[in-house]
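Next up: the structures, one after another.
Below are two complexes that have chain A in common, paired first with chain B and then with chain C.
After this line comes the complex of A and B, so read on.
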């Protein structure tokens, strides 16, 4: 019942260096601060009184982090301030990473996508977030920085638990790197929500790589969203497909395996059992589309 | 003679559209006064508890806190909308001896800032003795159930019996009968603008002014008078622009009573704005109910009898819920001739926020049940859904004994037009697709006078000034439905002038004649009649003067049109409206021309003077693996009499369909022992613009003699058929039958499987 937005201090550094220094200083002073980018998730948490930081450090002014760079060899580099909308409307991404555009199209409404950043979404660590399963399926690398220096981790290792990531308190996510999609590979993502653009009841991203004859599956990644404490790989389901010629029947089996591996909970919207069943259907359907794409790739 | 209008019937942008679009339009939410304080309620965390003590001393010490009120500070008695029956006036400004739902206000703080007010309520110490609560109407009526109000045995708040014909004989004649049971879940109102009020009390004159987001300034004036023990006339209510009401803003709510009490205590203006969570947990919503329906038909599809039993989940207070109880019995019979009918219903108190009238009230839940049942019967009898409806619909002049009479009635031509159009529009359906139908009808304002007003149901005053400009005064409420535009259109058409000649002064109890407010789709017909009458008086004066000046044969007709007054058959013989006005005022000893109008329905039965009606079809696709329903298109054939503003009518139809889709698919208010589980816009699911199917709207215009220029209702009728048309589409596609609304995918999947199992069993 609380809507208290208690008073807080607000800082907006102009450069990455300045920002990192600020974070390091507040961290050592044990100040309760939060980084804010588009505020699409943080504002809600503050409005509901779940978070009540003494101080906000806005990174919106760090224009050096607002970029999208594509290179045919190096792949895609997405600066931390890139909005959902910028990704959704980029021709280069549409051409080379169509699945990202498809994913973005159903992240909430245009208004939210205009403000919210891909990096902010990932840092928020919501297991219902759409980007995480896709980033994991695409083997993305996450680059972070603090005054102590830079480091990277695979997207798969970035999120630890509900709303918890490997980010240090004084660290910023600076860049999301997505390697070029390997040859003979198809990637697809779908979420299901009764209302378009709503948070998913369950979602699945599947990446399938075929051999040069386009017969057998040499590599596969199946990632589930909204059905666990983080986006999760369905490894048993992957094993069912790996090394095989993928048929509709195998996809059904993979769906069943993923359904068992998933770990959903009851909610107002649907029961655990329903969500498990949904996972099975989604994996089957998304796997089929990924396979078609791999064949055409 | 053929009616040709200059303004009526032409698609017209809202008179306040530009101001609203640019943000210039002021809502109560935007308003503030110098020296204003902010009020905030402390609310009960218990669904049912006795209040043992309230200690406000710590909160009073907080700097910036100017006043705190609790139940003890409320001077007045109880109030409610059912003022004819004082025992049903059960609302109180702040809980006194006990709390009856989670979120019920127990205290209110006025402070210099919102933050201070919010901090202060945390410092108030309330000692409660929790009592067992009751949350389901079927539990509430049991003998050992805890009582929500001590004087109401078995928690029965209101009962209703309706009967005509001989039901038992009717069923005896039937070749086919079936019984179905349904549960209809409640629906939140979720207006864009939350409840909010600004109150300013003048200690010198002992008068109170309240600006509020309300559907009826008059009801609020009466509610405040009862709550504060003041004279109506000492309270002035002003309704600025309002961001939606949908039935949830008819009752006097604590935003206004507490703001008024705190202003009286401090002598400073006080503003109270509910936040979205308060809106969900403490304001009225659509009534949930259990419905048992029995229908009897002849082999050919003719309905011979229907019986219905309803128990509604009323929540803690009465609101307009007792009216919803009555109308639930009435509107499920529309637009059919049911020769033998019996309805027994009661409304129970439960420990939840109370239920009231919400868009299409009375109709939306029971029409869902009745129209779903009709399609099941049609399928069993092997009759086409449109055919079975044609067999049974009313014709003009139909009367349900002792209840209602329907004059203009275009339902049959509507269905015939539907039959034709649907074949062109959707010649075939693919696998997993289906088309569902539902007929509908709704009132153009209610005849019932539970509020016990001695005034006419609607009033208007028109003043024409020397330069021909017009000031139009009426208390009718535009709450977003576009009535301001309709008011001006009707006034302009009647006087034969332009809309730009008219300045509207709406909805201020100190300056405008009483109107009962925006509910039950009443403003166009009732207020439209009052405005037309007021403008008509002046027109008569102008016409008489013009006739005298022309010296023409008394039998010749004059018209006021296009800013002229002239002989109908010889348009060149006439005068400019402006010149005639100038002369008329001179002849009037210099007084501006004033016309007054009023309307109260007479000899029209118990329900409404007129009914909008029609038929709706929805095409839907069902994902049988996931249970997702995708509405693909909506086709409506509509008889709303003469449309005043087709653009506004269309907006109302689309809005109704939108709200109806939410009612059918996803809007749900689950609770755990009285605690609402989804009190936010994140968790309460509302259909969004992207989910909306295409809506094709076709008209079958009739002329309703009781309505202004032949008009009747267009604002609510199309919500009720939306859910059954969609559920019937799913039924057609999959055979799935639903015993409730809120067709979330999991429920749909289960129903599809049950239907498949039933089919397999039959084989």
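After this line comes the complex of A and C, so read on.
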């Protein structure tokens, strides 16, 4: 059986303030540390020897960051320690952000969702992760804090590269803010993976907003996952749909454009060519469902 | 450097001095001798090592033992009442829901967490909740039957 080779110290600050002070101190001492919430990705990477921190700062005990707040005007606020399962089983989210529940059904297994957090998954920065495409499609805002203060960035700008984000060493993601979905808007997400809950070979989230007559598309966001170093907007594909009455033919064209824009790599599961083909099919299908939802919204 | 871990296992408070790099499954099996929790894929892919922590099913191979500090953990050893098997265990036997038995302790713990939360699950609820559990003897149908049967048995007890 695999065990972690390198030892580390384990700290559990009790408040956000204490945690931020700890991060600031370790950062100034140039200690190799990692922040752990549920650890459902981090623990496995330590087991594989990919990450070998000197210490772990466990924030799971910061109950002040475990919340879900919904307001009809301000939208949804998800605390950093809210588990996938809490999101998946929330009636308010099912009613107002159904796509989040659908996304959660794709995240690993119930056991992982019971302990892992949405924010932790997003911070992990795995390009195959499920939250990023959906958070970008929903225009989410990411709130971060350090001893120096707070700042926010759009979800779209949060992930920089494979497993790299804008988070400073001394910073914590504290809250994910999702604005109210605009009127006449439909959002959908799905992915292709070998079995349910596995990492995606390719995934797509699409948000479509129609005009008041529900004819022309006034706004669209097409976000691809697992086919680049981060979740990425397929902007050329979006341009094809914007301002037009969306037809099946136009969705096929958007799919082709997205396929060209995507940047997948060969893996043991599938070739680059196969993944590009998947992107085209996904954008067409997810776009069609988002359009249907926008018409009913 | 070793650190103190205090938690409750099957209703009994435990205090251990452990290396913080140890996973919960290692501590349960090696430090506490509770070998009913099985250690299989070791990558979070099969759910054999499932235990219940604070009422929720979790994978003990993917959680550091220190993450269980101050928590309540139930393993398969905590289900039977003396010589009397728990109704879910008996339902697994009566429905032929175990062949080699390797995945069974994880399946039964997940079924326990499911039935504690939802005493009358549909077949679809069971499929969704138990989705991560791999049984290489291909006994999935019998496992679902056993959980539906266990739900009835548990209702009958009340």
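Please note the rule applied: the second predicted complex is superposed on the first by the 292 of 297 C-alpha atoms of A that agree within 3 Å, B and C clash if a C-alpha of one lies under 4 Å from a C-alpha of the other, contacts with A are read in each partner's own complex, and residues count from 1 in each chain.
Note that a contact is a pair of C-beta atoms (placed from the backbone, for glycine too) under 8 Å apart; a residue touches a chain by one contact, two chains touch by 3 or more.
Just so we're clear, the structure is a prediction, and the values are computed from it rather than from any experiment.
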Inset, instruction - Could you check whether chain B and chain C clash or fit when both are placed on chain A? - result: clash
Inset, instruction - Check whether A:109 is in contact with chain B, with chain C, with both or with neither, and answer first, second, both or neither. - result: both
Inset, instruction - May I ask you to decide whether A:192 touches chain B, chain C, both, or neither, giving the answer as first, second, both or neither? - result: first
Inset, instruction - Using the superposition on chain A described above, determine whether A:44 touches chain B (first), chain C (second), both, or neither. - result: both
Inset, instruction - Based on the superposed arrangement, let me know which partner A:270 touches: chain B (first), chain C (second), both, or neither? - result: first
Inset, instruction - Go through the superposed model and pick first if A:72 touches only chain B, second if only chain C, both, or neither. - result: neither
Inset, instruction - Return first, second, both or neither, reflecting whether A:12 touches chain B, chain C, both chains, or no partner chain. - result: second
Inset, instruction - Based on the superposed arrangement, let me know which partner A:278 touches: chain B (first), chain C (second), both, or neither? - result: first
Legend entry - Where chain A meets both chain C and chain B, residue numbers: 1-4, 6-7, 44, 109, 196-197
Legend entry - Residue ranges of chain B touching chain A (in the complex, touch as defined): 43, 103, 115, 118-119, 275, 277-278, 281, 625-626, 628, 665-666, 668, 670, 677-678, 680, 682-683, 685-688, 690-691, 744-746, 749
Inset, instruction - State the interface residues of chain C toward chain A in the complex, per the touch definition above. - result: 1, 3, 19-23, 26, 39, 42-44, 47, 50, 53, 56-59, 62-64, 66-67, 69, 110, 128-133
Inset, instruction - Please name which positions on chain A make contact with chain B in the complex. - result: 1-7, 44, 48, 109, 192, 194-198, 201, 268-271, 274, 277-278, 281
Legend entry - Partner chain C, residues of chain A touching it in the complex: 1-4, 6-10, 12, 36, 39-40, 43-44, 46-47, 56, 58, 60, 85, 105, 108-112, 114-115, 196-197
